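Letters A, B, C and D name the chains as they come in the text, with residue numbers starting at 1 for each one.
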Amino acid sequence: MLNIGILGALGYTGCEIISYLTKHPKVKIVKLWDKEMINKKISSIFPEFKNILDIKIQEFNIKDLKNIDVVFLSLPHTVSLKLAPEIVGKVKLVIDLSADYRFQDAGIYEKWYGIKHEDKKNLKGAVYGLPEIMRDKIKGAQFIANPGCYPTSMILGLYPLAKEGLLKNANVIVDAKTGASGAGRKKSNDLLAKDINENIKPYKVNKHQHMPEVVHFLQNEFNVKFNLNFIPQLISLKRGIMSMIYVIFKNKPAKNLYPIYKKYYGKEQFVRLYNKGFYPELKGILNSNFCDLGYLDFLDTNTFLIISCIDNLGKGAASQAVQNMNVALGLKESMSLL
Amino acid sequence: MLNIGILGALGYTGCEIISYLTKHPKVKIVKLWDKEMINKKISSIFPEFKNILDIKIQEFNIKDLKNIDVVFLSLPHTVSLKLAPEIVGKVKLVIDLSADYRFQDAGIYEKWYGIKHEDKKNLKGAVYGLPEIMRDKIKGAQFIANPGCYPTSMILGLYPLAKEGLLKNANVIVDAKTGASGAGRKKSNDLLAKDINENIKPYKVNKHQHMPEVVHFLQNEFNVKFNLNFIPQLISLKRGIMSMIYVIFKNKPAKNLYPIYKKYYGKEQFVRLYNKGFYPELKGILNSNFCDLGYLDFLDTNTFLIISCIDNLGKGAASQAVQNMNVALGLKESMSLL
Amino acid sequence: MLNIGILGALGYTGCEIISYLTKHPKVKIVKLWDKEMINKKISSIFPEFKNILDIKIQEFNIKDLKNIDVVFLSLPHTVSLKLAPEIVGKVKLVIDLSADYRFQDAGIYEKWYGIKHEDKKNLKGAVYGLPEIMRDKIKGAQFIANPGCYPTSMILGLYPLAKEGLLKNANVIVDAKTGASGAGRKKSNDLLAKDINENIKPYKVNKHQHMPEVVHFLQNEFNVKFNLNFIPQLISLKRGIMSMIYVIFKNKPAKNLYPIYKKYYGKEQFVRLYNKGFYPELKGILNSNFCDLGYLDFLDTNTFLIISCIDNLGKGAASQAVQNMNVALGLKESMSLL
Amino acid sequence: MLNIGILGALGYTGCEIISYLTKHPKVKIVKLWDKEMINKKISSIFPEFKNILDIKIQEFNIKDLKNIDVVFLSLPHTVSLKLAPEIVGKVKLVIDLSADYRFQDAGIYEKWYGIKHEDKKNLKGAVYGLPEIMRDKIKGAQFIANPGCYPTSMILGLYPLAKEGLLKNANVIVDAKTGASGAGRKKSNDLLAKDINENIKPYKVNKHQHMPEVVHFLQNEFNVKFNLNFIPQLISLKRGIMSMIYVIFKNKPAKNLYPIYKKYYGKEQFVRLYNKGFYPELKGILNSNFCDLGYLDFLDTNTFLIISCIDNLGKGAASQAVQNMNVALGLKESMSLL
């Protein structure tokens, strides 16, 4: 059994990790750290864990790491940056769910997150944890930067095009919808049920910090330049992301592109392909590690549509972190995920 | 035209008052006071007011009262208590939507709200603003304590029984459901859409501060003693209250009780009666000043059921405040409300 | 007072028309016709009308038209086509909310709706009821084809570009979200709350019958050819449409386009403009006749974004029908709508 | 491996059974029968099953039973009655999720369901499948009548009182809320998202067919007479039931009752107890087999409150059916349920 510690256990993502890991046959959660609710049982805070996990919340202490094999950092951006240097290397595996180690080019991170990156050493060693693309590097990794939710939906949608060199110079428009959990469990007037329900609220159009994550990763890995427009919208959902990805090619590829998607994802367990006649729906992927990709055909002569949907708390965060753990430690990749 | 000022304009209730008054033919909103967003136009904060009311939020200044006829205090409990003494008497009419002046017996207020009541003078002059019961006292009043939302639904349901002396020694159980706006627009983890939607959350069972308001008012006005149990529940709604009122009589009244309801409410515009065969539904009263009462019959030999529903932001707050204003100032009672 | 009859009173749109007209000072609803619930009071079917409109549902009879001034046809597509010929000309004004008279070119209608158009005479006389564009023709009209909901949101967003000749050869992508009421009150597994809530469901991508309505109208009126892609999505809303309209220009216009929107809509009461810094939200237009347009700027060098939102049952149907009635009969345009 | 067949696979409950069984290590779903969508893959109808269960829907044929060990009848009431006689005895175990075999006294069934019960033989052999109460009889049973959803929540709440003889002559009021899935996946105007969301709709007050199920079972098993009032309400939820059970004792029991609940449920895995200070919430039991019971104390001198919540599609239907299967066949009771 692997001993697990979760830092930031009370957030939405922390709780999701607990949900997945309490069903995992090879691990045991031994520490839940947070800054609030110290000494309260997790099951008394969140009733869903009653009789399932009854351990107490504790303040993080570096000495706790002694018996721990895997640490999940489920922390706000910029907080991981302060704690990771103390933890990485002291346990078998650290998985950071913040954005702090996702950018190999620290300058981009610094520009978008407004903070100096003081831990270049661990940044260099961090693997971007998108198993369908980075599986070989994740195997045996000790430090994984878990991707953002929107970026997971976008990168998985664009990867086959990028890899095949088709994305070059394309104009990409991503019209993406997400729900109330996207921003985490934080006190905010913007996330009150009265204001979320029966509303659609566009926000941060072409200013969202997940844009550079997509551009940087695809450019870095596949040496491809393209133009990205990102139009996120908050809608009345608890969870889930549906990204409509419109790729406007400079020149229309001669061939049907569906086979390319089949080539890259045909054997993947967690990426499911729909052809034009069937549409993926959000409810197909909620509470799961699936990324469903659909349409995958041209709307008109040079506009190609990819419908990409994931659960922002699943494949976009917690279940992908567990998938990364499974891959990194040589466990069966789908353990606790199917 | 009457000039209106609203203190606490940015809260849910403040905004609802604006909505009703911008349709009112005899008033003009001239001041919106709040502590945040100073100098921002209300229409830039809440898009629904664009082209309808474009005035700016200002900090409250006692000198502003000069040109004002009516002030609505849409403030948190205990805050009204500090401001009302400065305002009452300086304008034609003050309507306070907090609980601060609802208890003629200040001791009960002090016990439940945990603060000393330092304004006994205005308390004495305050009229409890439930027009269907207190209309005669509201006419010409200068200071009105607008009732709480749950209390409005309960008192209107119980009033005919209390008035007829039937409530004496009865055991009353109120199973009440409300939505996310009940607690106001405040930052709170408990009101996040992710946690409200698809949930039912009982809270403050027999500990809610609206219990003594009901008991105190009915006892005070009709000299009746009864036992009240109150079981409030937060459900996935933006707004609305449905109270299931179970009255367990010591001795079953000999007569059918529906005619008693007809007697008291038959000529009321905003209280609508349903007999046993038709159930009121929440959607019938949303965004309105109606209180719908239904079933009004015995479940078994001595248990009588009253289904009572209102919009907590309408008849339970803003539209009732406007109704009170209309009555107090001699305007047509339904003005801007139908 | 104008006497009103509503055919198809029990549908979502019929009920909305009732809501608006019961607040209208110059009209009286005298007939509600439908095929079901004959002889039941509308107020016993829908509790919101209790004490507001208590007349009975009747079967339509041509003789009823005698005392009627205005008839609203709130009927399914292809049903209006059979009834309109009997009614048009017998009353002052007929407003048809179906698609049956929206296409001056009957061939397009026949292709998309799969039925032969047998009433060319009335088709020729029908005015497309979009007051912001067709006001002059609506004045005095006797027969108005009320626009579709999606088309209203799209055409109002594109009109200034079309009128100025800028839309020529552009590639337009409309990513549009709507709610459960879009399909009307019909029995359908697809519209059950369990399947709508917490879901996003793309449907009829580039196959929706509202596409040709937009293309046909703009081409017909402004002689402009452009390419339209339409990607509708059903989300967990009761009502409302938000269309993200991406206009990809062949050549980027030299000038800022916001002033063009100002030019056409600056004096319109029901079209409200937001510049780039403020986003329209759905909740700003729910239960209203407003169309809010926002962003109105370039995302990148040649992609222009228009955010367009309306209430599909308001400006997209019932309130626009009332606006049309007001314009056609020379009443104040905003009567009962503000 | 046990081979499973599901009759009525396309209903809400059928789909839930599939969800639980595809995670069950000892069974294999080999047949999905329904009347619609013949020859379509379940995964093409419901995207959540893609890559998980891709078998086709077939029409039921008695010959299919040859290779089947367990049949789940997920059929509407009165339909099971026609099919069960053909199936029971031909396979190891039949679990019927309809009401057709829940009443040992066929007369009560006939009165409430309006149909003659023609299969007394199997009725006699049917075990009421509430494992926490009937575990000994379920072990080795060949035919199980799975309890109704509301009855599960009510009976589990009342059982300790009934068993201890405390319920005698009590007056019980159950104020119960459920969501849109309670009525099954059927075409119905009442279950459209536009009409469910933001609404509360009381229905069948003291006329619901689940009332006699509770009374009959408790009376039959524990020889106890009490008075039941049942007030069901449809609220804006996809799933879940919260029953507020008010027990008004003729004479208040001398003792604290919480220990009685501890006595009967202390070792149960799927019944979780909360004391007065902590409230169960619906979200604690969604998508699970748990029944959470809370408050368990007196409101006033003789009114005792039990808050009981379950997932109507889980413990109220599908997961309880799986629990029954596990118990009947000697598998670990929690298999695929935790």
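In this text, a contact is a pair of C-beta atoms (placed from the backbone, for glycine too) under 8 Å apart; a residue touches a chain by one contact, two chains touch by 3 or more.
Just so you know, these numbers come straight off a predicted model, no measurement behind them.
Student: Quick one: point me to the chain whose Cα centre is farthest from that of chain C.
Tutor: Result for max centroid distance from chain C is chain D.
Student: Could you let me know which interface, A-C or C-D, is made of more C-beta pairs in contact?
Tutor: A-C
Student: Centroid of chain C to centroid of chain D, CA atoms only: how many Å?
Tutor: Here the centre of chain D sits 45 Å away from the centre of chain C.
Student: Taking the mean of the CA coordinates per chain, how far is chain B from chain C in Å?
Tutor: From the centre of chain B to the centre of chain C is 37 Å.
Student: Counting only Cα atoms for the centres, state how far chain A is from chain C in Å.
Tutor: Each chain's C-alpha centroid was found; their separation is 40 Å.
Student: Return the residues of chain C touching two or more other chains; collapse runs of consecutive numbers into ranges.
Tutor: Counting only residues that touch two or more other chains, chain C contributes 179, 195, 197-198, 236, 238-239, 280-281, 283, 286.
Student: Which residues, counting only chain A, touch chain C once they are in their complex?
Tutor: Chain A residues touching chain C: 171, 173, 175, 177, 179, 195, 198-203, 205-206, 227, 229, 231, 233, 235-240, 242, 244, 246, 248, 279-283, 286, 294-295, 299-300, 303, 305, 307, 309.
Student: Inside the complex, what are the residues of chain B that reach chain A?
Tutor: Residues 12, 179-181, 185, 187-189, 191-198, 236, 238-239.
Student: What part of chain D is in contact with chain A in the complex they form?
Tutor: Chain D residues touching chain A: 23, 44, 46-48, 50-52, 197-198, 269, 272, 274, 278, 280-281, 283-288, 290, 292, 338.
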